[in-house]
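Please read through the structure below; I'll follow up with questions.
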């Protein structure tokens, strides 16, 4: 089973992750992990932190001479900003003057500051926000980069793009794989439509002036999966549920849809289901439409898996929202932490990673094997079986 | 930890579930479980099966003299229709004439028939559909009914209602707890607005004539949760992700939103976040709005938890979709199984159950305890702690 | 992943289990499951209950026409004795006269009666003993029988035998597979040495007269496993640990050894390790000894897996031990439930089942596959790979 | 739930662990973790590596100003020896001359070298041994040190001692808590009997001359646990099984016993069970003996938990065992890695850690709570409940 665990505070010394379950003998491209980390930091509307951190992963275990060992892979990404926080975030006991403590006591609406403080019974809400920060997703992206390298070895590719931002355009964009794949890595908002992207940028500029923030919708597209990943036999094996959890767990994501999931609820059955055909040349069952987003009954059907994530506007506003001081119980404006205007493209990259980890796990479950060679042999056997079905 | 496992085919002998992790000494209301099963069967637009099955749960273990023992609870719901399927669904080997075998070989688009058949390498797609059928959710509802009884013991109630069906009304309804709670159990579509409900009914009647199906949107509302359930500290502990998986895993659900999750992605931050206030009388932090749907950073904040599920139109149409015969590879209309026109109200009831199971598990994690008395003592201690925060 | 959950009280209506993760298309021999249940009930020194119950499994789901579906398999074994306990063990609330309630309030030393009562805060210790009874292992054996059928499909067989009982003989027997396999199913104590078996029987007869009980040591032997199951890469993947948990979890087992595990701790390294050789004909690496019990670093090495379980004498004595009345706190003899003099052969059968479930899970993890055919193809590919290593 | 994951190769850059589930607000004593690491390195008969490594833990996350945050704790222990292995163990691709590669191709009997190489399909067995090395237990001990700090906060202490080494004395020592607690930390073999310890030392000296190794038996003793941890209700909740897995998973452990588990199998029931009494002053149920090792039915009964681990002699002998070259298939002596003569005291320290992690998890399950204060309040409530039972 492919699984991962992350650790690390936003201004602590490092983010750490342990990824277990990759087959042995798989080539690891270290530079490509850093590329993914860079993609996560990219995007018009990001704040100052993104300029401080040029994330770089260090692999502490599980890889030798460029190949996985089959043992757990420990990854570490140092927080370059930590040097400014050594006292505030020290592991050891410290006496810090209150004015230097950076204590947070005016919880920010939309963040977990207040319920987290109540739950863990702490009166410095920094103890909550440091872990709740979206910086944690850096560790997910590092793990996801490895999962992607596994998927690529089996012909599967993953992309994401922004299909709506701050309500622009009115309806989310609907684009083909080729259109998505053509988006250059330095596109300011990872949007395929240049004219719309410019309108999004203008909107971000406006919100920046207002001290406000914006959300939006991204789509993850996965191409090249065989039919038969996931299972309908138990509620927690269904891939749609697993993907929904994985994407909803990304900070600020408040809705997840598979394929045309939102629109589908308004249409009659005759207009929404993807009819089945057979391609005599490739010996494959195919669909001419893909409103199901590649999943039927929680199982891949061979079409592109498409997942949409709806992100709320970021909860840290420069023009703060109303809040309460947890000591005095008086109304006070919420505390402020450096933040972005929007981060929808970055959330899409995180969602690619989460999708890669979920789909990689489904591949490991189905094909087993302890080395890449063994897994590939099993995979090829199944592909041949499908041709004869 | 509260967990459950289900088993059972749609036309097999019985559905079975094992629920583990309820505290000992909890009163069990058997009649109320059957009530929930009845609620799941209810709804305008259901087909003939609902008239055959009057589901009744039998508890085979884990409860004695009306109280839980703390040991696993086995639940069984016999399929009354099984008597018509004893040969077709026999456990033992059988030779059945092809014309009586009820073999399915023309997969229904939107169902897992085809990818399931490919995955499990079976040429009778009945081997797939029998487990993939939404009848499996009966077992979930039985488990969920017990989880609800746990929640009620801690002052938490759960309701669901239909807020859009087949695109009616244009925008999903937004209603208060009191409006939702006032919906009578025999409301044909569990919709609080009678005029709109009638329009939904008319639309169902129209689709029935067309041999078509309809989807829609339901909302689950949970009232009376303390702040601090779930955790932001790990991606898989976040309650929003867990609820998203639980609801997305219900057959035909293709999108899940928390609170105003879909709309939120189009609005600026200043308009979407729920500002914080303090009630000096109750010693509680409160919000005057609840667009977050009761969850911030994956943790309950004390407001109502609100989850929306978007259901696609059912995949079995009386006027069948185009498909392929898996033997001949020729185009053929999809097979037909008895089905409904719509089942959105029922899906809402299933989602109540899934939410109750996820939230009950979060309660068990936070409050521990092996008897109801011990759990309650721990709960009350935390409630007192919150008042002093 | 192969996993199972059991439910059921000793005098409740039924024992229930759900087994998940068998591949689809696997033939299921129902009679063979009942055979295993009979083997569990067998053995010289058993009490009256064994005559009442002739256990018979009913499969409620997951199998159709003699083949697994890939969906969860629900198994039920009715407690024939239940008809005598319908009131005492009723699920519904009951008012029962104290003299008919069969309440237990004098906990039996060695059983979980007292710590269970304290934990679950119940004053009728029957609420504990009913689940803690070794009758629960019936459900494990039913699941284990299916796991064995999986293993047999891959050439793996499992046997158990009694190698010491009540200290007879002085040192546990050391026997070959052939000697163990030759033990007839109706051997009174599943012991390969007839003369020693008779001495064991005499000892049981003596203890019966004394109102006392006996323990002993069994060994499980597994033949035909390929090298490479389990993993050294994480503590909880190691098969030795998993097998130890599985066997130690059987009631009354207080020690578990792999191979010559106990003796090994007294010998120097030069005398205990199994040296490696190569068989040029079969292209296999082999060992001429097997003190390691087939596991090195938690991974199978291709030799027989051998696990020993040490069982304490049963805790329910006809001549009761000293205890305390939980109401009066006065010294009183422990309560009495019908029990056996010894059950070591039965514990061996349960341990076979637990081993089959653990090893079956390791097979599923390594070879993956959703149908028996796919799993076999993957298995054969690995076997071929081993030949070329 | 308290859980942990480790990563790291023996000569890689670092060992890493992530520990999840400690309550927030718990004081962390960093020096005490290093003390435990030192205890693990201690012991007469250890080899040269122990002089190279003075292990020191660094906490990378989850602790701030000396208190836990409730978020995952990442721990790192650098391998000081790594500087000598930067090329051989490089993460990045390397071309290394064969004579400098330190490739292992003659598998060592008793190690996982060969089955691991077959499983992961690698021809350099160093890829296996680096992870399989007992050095991995350093990370377990670091996690275990934190679990111990949790237990101490609830009045629970853990010790271990060596009760037999290389067959000396004939029967394992039986000692009281006070005798065990009195063993000084610098006792060469952590044995309470000085005369016997000297005989053990002499035996080690003899084996060193012979190029041989020795095993032995340690006992872990845990004092101060309340009754009611663990559960009899499901096989995988039973603490005896969980402890057995945890201890058996330590390298070279081949047998595990709870209390007098091995001897118990030879004695009649009347002589082995611990009769129950009641102490009117403390309002506690007590036992005058503790042959059960503090566990009945997988649940703590309030007596000391005692676990014995049987360790085989180490598998790396200076006078190598017979093996086979995996390239040539010719008989060759096994490869040699620097190793110890014996490591039983160290294994006892690792077992303390594993026991602390298992028991800490059982405490978290029962008492819940997100802060140390909340957990303590729940704990005290249960203690009061027990007094009234």
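Residue numbering begins at 1 within each chain, and the chains themselves are lettered A, B, C and D in the order written.
Please note the rule applied: a residue touches a chain if its C-beta (ideal position, glycine included) is under 8 Å from a C-beta of that chain, and two chains touch if they have at least 3 such contacts.
Just so it is clear, the model here is predicted, and its values are computed rather than measured.
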item: Chain pair showing more contacts of the two, C-D and B-D; value: C-D
item: Chain located farthest away, centre of chain A as origin (C-alpha); value: C
item: Averaged-CA centre spacing for the pair chain D and chain A, given as whole angstrom; value: 37
item: Intercentroid distance (Cα basis), chain D paired with chain B, Å; value: 44
item: Chain C and chain D: spacing of chain centres that average the CA atoms, whole Å; value: 26
item: In chain C, residues with contacts to at least two other chains; value: 5-6, 20, 70-72, 119, 121, 131, 228, 231, 233-234, 366, 370, 373-374, 385
item: Chain B-facing residues of chain C, complex; value: 5-9, 12-16, 18, 20, 24-25, 28, 30, 59-66, 69-74, 76, 89-94, 119-122, 127, 130-131, 370-371, 373-374
item: Contacting residues of chain D [partner chain C, same complex]; value: 5-6, 107, 109-119, 121, 128, 131-132, 140, 164, 166-167, 207, 210, 212-217, 227-229, 231-236, 238, 240-249, 251, 253-262, 264-270, 272-278, 280, 285, 287, 292-293, 296-302, 308, 310-315, 317, 319, 321-324, 326, 329, 331, 334, 354, 366, 385-386, 389
item: Interfacial residue positions of chain C with respect to chain A in the complex; value: 1, 20, 70-72, 228, 231, 233-234, 364-370, 373-374, 377-378, 381-382, 385
